[in-house]
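Shared chain: subunit A. Partners: subunit B in the first complex, subunit C in the second.
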Partner chain A sequence: MSADVIVIGAGHNGLVTAAYLAKAGLKVTVLEAAPQVGGAAVTREFVPGYKVSGAAHLLHGLHPTIARDLDLARHGLDLKAQRVSTRSLLPGGQSFEVGTDANSIAAISRADAEAYPAATARLGRMADALAAYALHTPPRPDVAKMDWQSKLNLGKFAWGLRRLGKKDMLELTRILTMNVNDLANDYFESEAVKGLLCFDGVLGLALGPRSPSTVFNLLYRLSSLGANGQGGFLLPKGGMGSVAQALAKAAQAADATIRTGAAVDHILIEGDAAAGVVLSTGEEVRAARVVSNADPQRTALQLIGPRNLDTMFVSRIRHMRMNGCAAKVHLALDGLPEALANARGRVVVAQKPDDIERAYDCAKYGRVADRPALELTIPTLSDPSLAPAGKHVASIIAQYCPYRLRETSVNDARHQIGERSLAVLEEVAPGLKQRVTAMEVLTPHDLEAQFGMTGGQWHHGEITLDQVLFLRPAGQAQDYRMPVPGVYLCGAGAHPGGNISGAPGYNAAREILKDARAQKRVMGAA
Partner chain B sequence: MQQSYDAIIIGGGHNGLTCAAYLAKGGEKNGANKLKVLVLERREKVGGAAMSEEKYPGFTYSTCSYVCSLLRPEIFRFLDLPRHGLQVIPYDINSAPNPEGEGIIYYNDHDRTRESLRRHSIRDAEAYDEYAMEISRHCRFIKRTLLMTPPDPTQLNPFVQNRINPWGHREDLDGLLRIGREFGRLGERHMYDMIRFWSMSVADFLDQYFETPRWKGLAAASSIIGTALGPYSPGTAYVLLHHYMGEVDGQIGAWGFARGGMGSVSKAIASAAEEAGVEIRVNAEVEKIIVKDGKAIGVALKSGEEIYGKSIVSNADPKRTYLKLVDKGDLDAIDPDIHRYAKNYKIRGSSGKLNIALDGLPEFAGLGKESAYGTIDIGGDFDYIERAFDDFKYGSWSKRPFLDCVIPTTVDPTMSPPGKHFMSVFVQYVPYQLAEGPWTPEMKAQYEKDVLDTIELHAPGFKKLVLHVQCRTPWDIENEVGMTEGNIFHGELTLDQLLFNRPFPGMGQYRGPFDNFYMCGSGTHPGGGVMGAPGANAAHEMLKDFKRGVVQ
Partner chain C sequence: MTSYVEHLTPFLRKTPFHDRIAALMHGNNWMRWTGHYSPAAFESVQSEYFAIRNGASVYDVSPLIKYRITGRQAAEYVNHLITRDLSKIKPMQAFYTSWCQDDGMLVEEGTIFRFGENDFLLNAAKDQLHWLEQVAYGFEVKIEEASNDLAGLSLQGPQSRDVLRALGINGIDHLPRFGIMELELNGHWLRIDRAGFTGDLGYEIWVRPQDALWLWDRLFDVGRDHKIAPIGAQALEIARIEAGFILIDIDYSGAHQALRPSNRMSPYELGIGWTVNLNKQGYFVGKRALKREKEQGLSRYVLTGIEIEGRKPAPGSFLYADQPGKHELGLTTSACWSPTMKKNIAYARVPTAYAKPGTQMWIEIWYHKEHKIERSMVRCWAANRMFYDPPRKSA
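The block that comes next holds the complex of A and B.
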């Protein structure tokens, strides 16, 4: 069996790459170890009759260009679904909602209600300006070696920054490296509003609100809520698996082959270049180009293997920070407590910055947070098909549950993060515990085992300033090409990074096509 | 209104004095336009935080700053400081005691350090070569930016004319290109490392090279001194450079003691300034900067006296300058954002100081006698320092603090009676205010006890040697020296407050919001440490403005 291109892993980025390559006329085979496509973008039945998005549960980053190019609406993805707002639950039955209802902030703080729209709009503008680089290949830092395309992209990018105006531009240079706690203090006065901002700054990181670089993570998140994403949070109908299904259909419609249950053992390298892959069954699948949707560490250290790479590159990849810190808690509920009865959107429980900071302190020393910060959705409120009639599921992201545990065993950690998340929730939504009929907890170790992401880090490497742009996954490999000719990286471990955006897959496809065309020209000339 | 001075400098710290000396000499070329300069100092003598004082009979304490290395050699030479009595005695050793085993010793000499590391880990010893190479690459790059006015990336158009540049200028563009060229020289491979280095945490950085926990803790020390960050916080790696970018007598990376305490540095600069014609008035506290029609025209002293000058320079930190010395109304008339910038300026004090008179030389656990001749860093691994930071985060002093100790009397007998010693203990972390409220005498006593207990743990028998302790919190330092919140750098040295953003976005070129108003303290580029660079750089910009006729 052979193909032009093999894509290892049918995660959403792998499917995007496959679809674009197939559309360009290449013969593409996607090999997926799991019995279904999607990787971490999957809808799973965790208790008979109850289904939930396995990892990410809110869609916001899917790049509109990709949705349009691949015509995902035609392939069954409903992006017109209503945008949902974010509600922060506070003790004593209080809560406030952002985005839709400024009055609810006013009940907490009048000054913050006034400041909030302007502050988020300003941050949004900056995030949009930065996100303009999402669909470009990161440049080489050496101007002398930069190609004209990068120069053009950088020029446009700089122009976009310039258009922010001098004040915003200077503010951006100030806040870019800052910690989100300081930013929250600069902008707001109430602990509750600050807490929500801080939560968005640390989500997906093994850092606390007082750690520098968390504002960058906030901007990264905001960028997907603007013109370079879906403009808000969506709860996809049928769970996150429906996104993967639509992408798979788009790829198949362009004649890509998808094989599930085909685990790749390693990449076949002949004469210092990719020749195909070897499956765990021993079967060889040959192709001149192999694209890995796996994370950078898995790709370099397992699929390619250190002996095929130079030590510098191996060392850089080894030191990529992949300490997953978020656990996923799934609840089967036989009803909803009053506080959550209408929680159609995103619910955050992070009452003040110091709560999050203390939760992080635990993780810093390898323990599960005593009082985790939570993001929760109840998808059954908008899509009842996910649970038996009258029943509900709750999908919770709980931070922090570190991958690098010190004295706690994985089993204890799983138990602790589940119980502690429930305890925190019970405070703001009394009566929830009694409604729980079944619970599933996925610690970073479980996420690693289920979805193959090293460290259970669902961005395939934390989104911090030292791991983005041309440092992602590592210097001199930022153009989606791995050091072995013919091997590419298309997952979230490449620029621009995580979230269900498809952008790394899109960029990787462009670079692969560039190489394929160049080769064709050479062959043609010969 | 009589303008008797070309420049009035508020504050006689080392930067104020350096700025004064440069102005009075008319810049490095000993130019034609030598200015008439007045320095106003609140206290009874100049020096600010570079000060020697006798707080216990027979002992000279370096009350705040305590070691010397960063003072730019260009300034040292130009002001001819040795002739004015400054002698810096280099020391060679930096060590970490270990109550549970052998301590760690770092030498200035590369090979000796490697040999010393070999006793703990052969891998670390081998990695040390690679590590030292990377560090010196970063140092070479950063050093070239120290004595340079940071270019403003929003002002690159060479044709824009404004008050300061009536004919347009290309200094910002040139500056940026110069930095770009330096960067280009690194070669692509090292470019990635450098950019990463600027944003990563010191723990991540050192983990790439080393495995011995206590050695990593010692190496991380210089990147957390004076900061409100822990070793696991991103953005701490580059602060390491502070340890390596200095020099003593041309010996790169060396540190030294100023003979007679750090006050000798200020004294020598003051002497150089006075020789150049600078007038220094002590006991002259400035209360307000007088602004008229958006122009700084003079200062009002606490005594009621008003002094007018062509230009006003503040050596005080940005927060004190813009929130206390300047009227909010005057600021708002220029731009209401400036007041907000000043309010949001990050200047958390995080360090305390204990000055101790000792009856004899203490011995440190796991170290030989030679270690007393240099810096002794009492701490442990990353976790030790991070836990000290955790205490501080929530408004308490570190119960087990990280301590940077020196005993300058081992090489400088002028500071104590024979056989006795002065020990300077820099305490990290101590908050400006406690979570429960302001410092009380009981709290301070407890803090002092915690520090002494920590030393005793690493130097058994230490407490019996103690003759006198001067214990200071950031609050004390603010009240004595005037640095807001006792922050030793006049504002945190995080990336958001460096270069053209120091002190505030858009004001990174030593000019204040008013005409004829300048900043010359550590709150401007390149920041804190007894470096003198902000003072010298500010003087350069001012002389340019005088020459262009912007200041009249």
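The block that comes next holds the complex of A and C.
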């Protein structure tokens, strides 16, 4: 068997790369270890009759350019419906909602209700300016070797920042490396509103609200909520698997071949260049270009192997911070408590910055948070097909449950994060516990085993300033090309990073096509 | 509070041979080598030099940093670490090699001893443990520093073999260059390899530290009739330059010591490109970069030998393409008057085009004369850096 290009992993980015390459006329084979496509963008049945998004449960980052190019609407993805807002639950039946109902903040704090729209708009502007680079290949750090496209993109990027105006530019430089707790104190007065901001600043990181770089993570998150994303949170109908299904259909419509149940053991390297892959069954699939949708550590250390790489590069990749801290808790419910009866959107339980900081303190020392901070969705409220009639599922992201545990076993951690998440929820939604008929907990270790993401880090490497742009996944490897000629990286471990965005896959496809065309020109000339 | 003077109390380590060396030392002429007392010269650099070229010289090489590399995949590991092809090296052979960083810049060059399929000892001038362990990721290999496990003397010179014969080393006549042998002598364990830093016939003799003084005494006992003499680093330096060997910190900065990235040099630039085998099986650190450098001619310069008019040693001197000195070419590193060849020699970094033996260049030498600094601009010619290469070295 052979192809022009092999894509290892049918995660959403792998599918995006495959679709673009196939559309450009290359013969593409996607090899997926799991029985279904999607990687971590998957809808799975965790108890008979109850289905839920396996990892990410809210769609916000899918880049509109990609959705349009690949005509995902025609392939079954409905991006118009199911737009949801965020509600923060507080004890004593209190709550407030942002996004749609700014007035509800006034019940907590009048000043914050006034400040909130302007503050989020301002952060949104900055995030949009930064996100303008999402669909470009990061420049080489070496200016002398930069091509004209990089120079043009950088120029446009700088112009976009300049257009923020003096005040916002200054504010951006002030806050970029800062911690989100200080920013929250600058902008708001109520603990509840600060808590929500801090939660968005630390989600997906092994950092607390008082750790540097958390404002950057907040901006990163906001960047997917603007013009470079879906403009807000969506609850995809049929769960996140529907996004992967649409991408798979788009790839297949362009004649890409997708093989599920085909686990790649390693990349075949001959004469110091990619020659294909070897499956765990021993089967060889040959291609001159191999694209890995796996994370950078899995790609470099296992698929390519340190013996085919230089030492400093291997060290850099080994030292990428990949300490997954978010666990996934899935609940099967025979009904909803009052506080969640109408929770159609995103629900956050992070009452104040200190709660999150203390939860992080536990993780810092290798323990499961005593009181985790939570993000919850109840997808059955908008899509009843995910559970038997009258029943519900809840999908919870619980932070922190560190991958690097010190004295806790993975089994204990699984038990603890489940029970503690329920206890925290019970405080803001009394009666929930009684409604739980089944529970599944996926710790970072489980996420690693299920989806192959090293460290259970679902961004394929934490989003911090030292791990983004031309430093993602490592300096000199920022252009989707791995050091071995013919091997590429198309997953979230490459720029611009995590979330279900498709942007790394899009950028990787462009670079691969550049190489393919250059080779064709050389061969044409010869 | 301790006073400054108290901090000056000598603190260097003594090698296992120290007592014998100190007893012969004139004028306290020590230098520091990896934190040890090491002789710079005893009484006369000239006599010591001529012991290397005409007799048998003894130099204490115990301060060398040594790493033992063992384990199931030690051979694969070493082959990944170094630029030479390990498959050409059999057990009980030593070999000289380079090892590089990712971008092909030299970390260090040194000698590796192979005792078995997966049993190695690496000698280095600088601490390498961190790098060796970084490279070891993904290999089943054990790396231990073994610097203090062995005491060694380098016995170099045309009479060195006679000394070992007199010592009763059976089979020394059959030890090929870079061969290693291990034996028992009077109940003492001995390892002898035929290598050295002089470009002459010579051996290195290794014993357990507690046997060091025994070895010293026996050598000088049987060496009496063979002009055996202890030497210091200054005499060795002349022999080294004649032999064309490069020295870290003098001729290049190791990649881990270089103050700026552009100060690092590749094996090609150092004229030891012959240690790089781009065709060997498997990948090695720096291969892609070195291949690119070779194929695309990216070397910035090459460290070549030069022969200089006149007798004035020219370390750190500028080379020019023209007599007026308008077109600068490069700089010399090591330089000396070669007493054996009666030639003024040096190593110089010059553009590759100027390194062809016989190419004429100009060199600006500043020198001391009668309380004045004077300048001379004289001719020099590129030459094979291995200025002195007697047949006995490998015979």
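Just so it is clear, the second predicted complex is superposed on the first by the 525 of 526 C-alpha atoms of A that agree within 3 Å, B and C clash if a C-alpha of one lies under 4 Å from a C-alpha of the other, contacts with A are read in each partner's own complex, and residues count from 1 in each chain.
Here is the rule we use: a contact is a pair of C-beta atoms (placed from the backbone, for glycine too) under 8 Å apart; a residue touches a chain by one contact, two chains touch by 3 or more.
This one's a predicted model, so the numbers in the text were calculated from it and none came from an experiment.
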Greater subunit A contact set [subunit C / subunit B]: B
Touching partner for A:466 - first (subunit B), second (subunit C), both, neither: first
First (subunit B), second (subunit C), both or neither touched by A:305: second
Which superposed partner A:124 touches (first subunit B, second subunit C, both, neither): neither
First, second, both or neither for A:483, with subunit B first and subunit C second: second
Subunit B versus subunit C as contact partner of A:178, first or second or both or neither: first
Touched partner set for A:315, first subunit B, second subunit C, both or neither: both
Doubly contacted subunit A residues - partners subunit C and subunit B: 312, 315
Subunit C residues within the subunit A interface of the complex: 76, 80, 101-103, 131, 134-135, 137-139, 282-283, 285-289
Contacting residues of subunit A [partner subunit B, same complex]: 140-145, 166-167, 169-171, 173-179, 182, 185-186, 207, 210-213, 312, 315, 319, 321, 354, 357, 361, 364-365, 464-466, 470-471, 474-476
Interfacial residue positions of subunit B with respect to subunit A in the complex: 153-154, 180, 183-184, 187-189, 191-193, 195-196, 198-200, 204, 207-208, 229, 232-235, 337, 344, 346, 383, 386, 390, 393-394, 494-497, 500-501, 505-506
Partner subunit C, residues of subunit A touching it in the complex: 272, 301, 305-315, 318, 483
